[in-house]
Amino acid sequence: MFSSTGNPYFTAMPEDRMQFEITEGSAIKHPRYSGLLNAWTLSFVGALVAILYLVYSRPDPYWRILKFLPDGILVTFQVTTASIFFALLLGLLTGLGRVSGNRIVNVVASTYVEVVRGIPLLVQLFYVYYALGRYLQVPDMVAAVLAMSVCYGAYMGEIFRAGIQSIDKGQTEAARSLGFSKRQTMFLVILPQAWRTILPPVGNEFIMLLKDTSLVSILAVTDMLRRGREFASETFYYFETYTLIALIYLVITLLLSRGVAHMERRLSYD
Amino acid sequence: MFSSTGNPYFTAMPEDRMQFEITEGSAIKHPRYSGLLNAWTLSFVGALVAILYLVYSRPDPYWRILKFLPDGILVTFQVTTASIFFALLLGLLTGLGRVSGNRIVNVVASTYVEVVRGIPLLVQLFYVYYALGRYLQVPDMVAAVLAMSVCYGAYMGEIFRAGIQSIDKGQTEAARSLGFSKRQTMFLVILPQAWRTILPPVGNEFIMLLKDTSLVSILAVTDMLRRGREFASETFYYFETYTLIALIYLVITLLLSRGVAHMERRLSYD
Amino acid sequence: MTKAEPIISIRDVRKFFGQLQALRNVSLDVRKGEKVVIIGPSGSGKSTLLRAINRLEEVDAGQIVVDGQNICSPEVDINLMRQELGMVFQSFNLFPHKTVLENLTMAPMKLKNIPREQAEAKAMELLERVGIKEKASVYPRKLSGGQQQRVAIARALAMNPKIMLFDEPTSALDPEMIGEVLDVMKVLARSGMTMVVVTHEMGFAREVADRVIFMDHGEIIETGTPEHFFVNPEHERTKLFLSQIL
Amino acid sequence: MTKAEPIISIRDVRKFFGQLQALRNVSLDVRKGEKVVIIGPSGSGKSTLLRAINRLEEVDAGQIVVDGQNICSPEVDINLMRQELGMVFQSFNLFPHKTVLENLTMAPMKLKNIPREQAEAKAMELLERVGIKEKASVYPRKLSGGQQQRVAIARALAMNPKIMLFDEPTSALDPEMIGEVLDVMKVLARSGMTMVVVTHEMGFAREVADRVIFMDHGEIIETGTPEHFFVNPEHERTKLFLSQIL
Amino acid sequence: KDIVIASDATWPPMEMLDSSKKVVGFAPDLLQAIGKAAGFNPVIKNVAWDGIFAGLIAGKYDMVSSSVSITDERKNAMLFSEPYFEVKQAVIVQKGSGIKSAADLTGKTVGAQIGTTGYFAAKALKGVTAKTYDEVGLAIEDLYSGRINAVSCDDPVAANYALLQPEYSDKLEIAFILPSEEKEYYGFAFPKNKKGEENVALVNKGLAKIKADGTYDAIVKKWFSAK
């Protein structure tokens, strides 16, 4: 027997000049990846050049805006990192709860996930900040981080659950049969293996969280967007301010997403 | 040879009383699903009962709030459906562009995806609404729908791309060898098969979009959340208003997610 | 070897995949009504050659003339040309979202604007020919591999092609189904269709082929009648290959 | 059959999986140092029985006493009990994030608080016994199946169990690796370890087993010496099974 | 003694941010003077308007100074100082829109900041669609780009936007002042509790002092001399 499987290669047929085409190109090995790669470079370099150009060519609003933002950018990062930290903790607990054999723990964790994923983040932010504010006396930043963590904890929980469930059950059986308790099995055998599966989606959540911290600007937490809004409301440079802010977000998230892609590739290799 | 693969079943070991446990339960066939199912029922019934209870037991703020909201809920749905419609259109174009063999079309589509995914939705909303507002004279609803569609179009594009790429290349070859053009192949052979893969994630995007329409409240589009904020700003019933709004969002998204799960199961069967 | 009126004429065709040369100066003429069987080890370029004939692969040098048209030329309407060239794949590639009947009527209706009734009548006739008329309204996934491949042949025939190309049509099939597909192909051969078949079914080659072509490393090594091949092959590589396969 | 001092005593054990009864009134005693081989067709309940012994499966009725302790009782510290019962799986189940040495030292260090040096010395000794000392610092994925299974045996032995349970330890292995694992098991048998082995390796059974048990449909059908089984089995089902397998 | 004061600094010239992100304006100057007179240190915090009272009730700060008009509903929920400034509701329109009186607004959309007396006044007008914004500047921006027909807000703010911002003064104008039976005054808001009562007394004391010694008039002159 010689050939038995279909030919996995397909060739380009450049004869048609239609606008949208089915890819059949084989020249590029990973057309998807390299497509985005080029788009990445284009977007990143484009955003950077645009920022520099605007600041140099029209320093009047743009350099003023840029000078106005740094503490806001810092707050954005602070909220993001603090939130991701607590979201990870909460996500770990939730993930463990979701795979728990204990019916009650399981339902509690699942309900948390269902409820939190069913309510818009903005509503949760308002709720924690203003509504619960009456009963829970916390500073702004803490309220913002709390709301973000509770929300993202649910998503993280699903990531942890998937990561834990991706580990072969034979690992659990082997550990248990050696005499490890359930807890030891989880923390010594399952989780140390699961992090490879967990890390890349966590990276994506980090980026999403960074973007979503823009919502805290509504709570008078002076993040980057809030600073921009303040500037614009004073100077009426709405267009210029939002342009610059969008570009800065873009640069930051593109850098992060490159990092995540890099991590993903490294994890998938060895 | 008798057994050759590992035993796929695992049994419950209820001997430990620790808080977090590794699931080994086999009584439930799909522990994950039924876990969420119960959580779903719990959340849904809980939210409904809470709404009814609050409205009946304390009609003073709650019934007043509820009466204040309906036109806002309508706006939320209008923005959601209009946005999903245009996002689907844009997503189709983007998906086609992302799989296109035409380098320029490909890079344009990919850059669109990269840029839009790199900027927070809220910033995009501000940008389209206020920044572009000076140059683009559009009514607020249109601006909101435009911003939401542009943002979600990028995500939809990735869904379409994945759906298209999930179809075996043999289908393309068979269609082309019968004499179909690339366009005919795409629209007669590939897309009609791809919708099965595309529909469930589109359903999820729909739910996410519904939640994200809460952001348009910041643009003075009087959606459900804005109506609630208006009510609260006059009556100072912050806690009550946000409670009710969160519950209503929860009921709506839980209903929708049940629908999506149902669709997903039906599609995966036949 | 080349007689008058070749319906396919391949001249000095070369094809590279990156560094790898899949076709090296291949020339081949196929006359109207001729049955050509291509054999050779895996990776020898059989599929590439077959696919080049209807431009599923673009060649890098040389020319391929089918029915008087240079299919490599950018001026040629390749979609029209391909209607002349029925192709059958190893993996059937039926359209799973269409019934068997729709699989057969789709191309004629969309591409030749044949009215539905007429297309369906033709389709039923073809399904009868390949022996699965009763499955007309069924979806492909309900069919066995052999049935699917017979539908795929009928689908190609529905466009009234002048030439049929087969790329290992039976090698994805369970042994008990190979026969039914080969039978359909034999009937088709007897009807006078021009056929180019890549296959390892030597019984079929012996019975049907006017000419057998042995390829290796992208080259045509040897050409001859089935008798010549199975009784008295010239080249060492041909002998080796045949000894392995028979 | 039951002599003094059974180290495993299984009494009227039943196990249901939903409707399916996987074990029907199974009773079995294993003496200290005895080698018991369990054979039987797929789905007959061999694995379930073996796994019940260290409570990887909970039984629904009956009792299992291991080394004087009723392991079905909720009072028993099952994690301590399991340290007495080494288990080897068909699929090795080495910990892929740990080196071979760490695979062996992890349980003794964490569960018995044995200091690292001591645990490592013991581990190296065991690795030498199973013949792969040189792979101590390697990660499991770099090992062949046979090597992995030998490490798995050494890992189980590192806890100094009184009893070793084997569930088809060689059936996931390529034929050329089966021998090396069986050899390790034979050496272990000669050292006086109590062993319960589910296997289809009849040569091993003949050479090592004190007793062979044939199971079918969740029941023990026949028990005897290897000679009894291979020369003169009583039951029809046993005969049928042996005729298929030998 | 520190008193933490919340201010939505998007309400020029009453309170706004300068380029060093400090809250400045009429009210901050007034508060400095009051603090000096009454012996406390005002710590001004920039807070979003929507929810500013929720924060006060929740105890996130001691007092709100954010051009808050004293209304009966608000008095139910919080304590107020003595009035410190009289305001009227002004209606800003695009030049040449032909809107001259409340009657001309029928069928039109009027924007206002959420939860302000400007919004309440717009809502009270018959046949008018009232639209809320998080900041008055955003409403003005929408008026400027033609999405709405008018904006109603406190007259000093309206004057600032319509007359002083060069970009807007070309295109916008104050059409009229909304008639109202009662006079409307700004007051500082405090939570209804013991600490709130103490602070009200303290602030009232300081306010009375600076009104008496002429400091108040000097501050008014500084910020509203253009009028």
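By letter and in written order, the chains are A, B, C, D and E; residue numbering begins at 1 in each of them.
The definition used in the following text is that contacts are C-beta pairs under 8 Å (C-beta built on N, C-alpha and C of every residue); 3 or more make two chains touch, one makes a residue touch a chain.
The chain list, named the UniProt way, goes like this: A, B = Putative glutamine transport system permease protein GlnP; C, D = Fe(3+)-transporting ATPase.
Quick caveat, the model's predicted, so the values are computed rather than measured.
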| item | value |
| --- | --- |
| Top-ranked pair of chains - ranking by C-beta pairs in contact | A-B |
| Remotest chain, chain C (Fe(3+)-transporting ATPase) as reference, centres from CA atoms | E |
| Maximum centroid distance from chain D (Fe(3+)-transporting ATPase), chain identifier (CA atoms) | E |
| Centroid distance [mean C-alpha coordinates] between chain E and chain D (Fe(3+)-transporting ATPase), Å | 82 |
| Separation of chain A from chain B, taking each centre as the mean of its C-alpha atoms, in whole Å | 16 |
| Centre distance in Å when chain B and chain D (Fe(3+)-transporting ATPase) are each reduced to the mean of their C-alpha atoms | 50 |
| For chain B paired with chain C (Fe(3+)-transporting ATPase), centre-to-centre distance based on mean C-alpha positions, whole Å | 46 |
| Per-residue overlap in chain D (Fe(3+)-transporting ATPase), given as positions that touch at least 2 other chains | 56, 89, 91 |
| Residues of chain E engaged with two or more neighbouring chains | 50-51, 54, 57, 134, 138, 141 |
| Touching two or more other chains - residues of chain A | 6, 12-14, 126, 130-131, 133-134, 170, 173, 176, 181, 218, 229, 232, 238 |
| Residues of chain A touching chain B in the complex | 6, 10, 12-14, 16, 18-25, 31-32, 35-36, 38-40, 42-43, 46-47, 93, 96-102, 105-107, 110-111, 113-115, 117-124, 126-127, 130-134, 161, 164-165, 169-170, 172-173, 176, 181-183, 185-186, 190, 211-212, 214-215, 217-218, 225, 229, 232, 238-239, 241-243, 245-246, 249-250, 253-254, 257 |
| Residue ranges of chain C (Fe(3+)-transporting ATPase) in contact with chain B within the complex | 54, 56, 79-80, 82-83, 85-87, 89, 91, 93-97, 106-107, 110-111, 152, 155-156, 159 |
| Footprint of chain B on chain E - complex, ascending | 50-51, 53-54, 57, 73, 77, 111, 114-115, 120, 131-134, 138-139, 141-142, 144-147 |
| For the chain B and chain C (Fe(3+)-transporting ATPase) complex, residues of the former touching the latter | 168, 170-171, 173-181, 184, 188-189, 192-193 |
| Chain E residues touching chain A - in the complex, by the definition given at the top | 9-10, 12, 16-17, 19, 21, 46-48, 50-51, 54-55, 57-60, 134-135, 137-138, 141, 165, 167-168 |
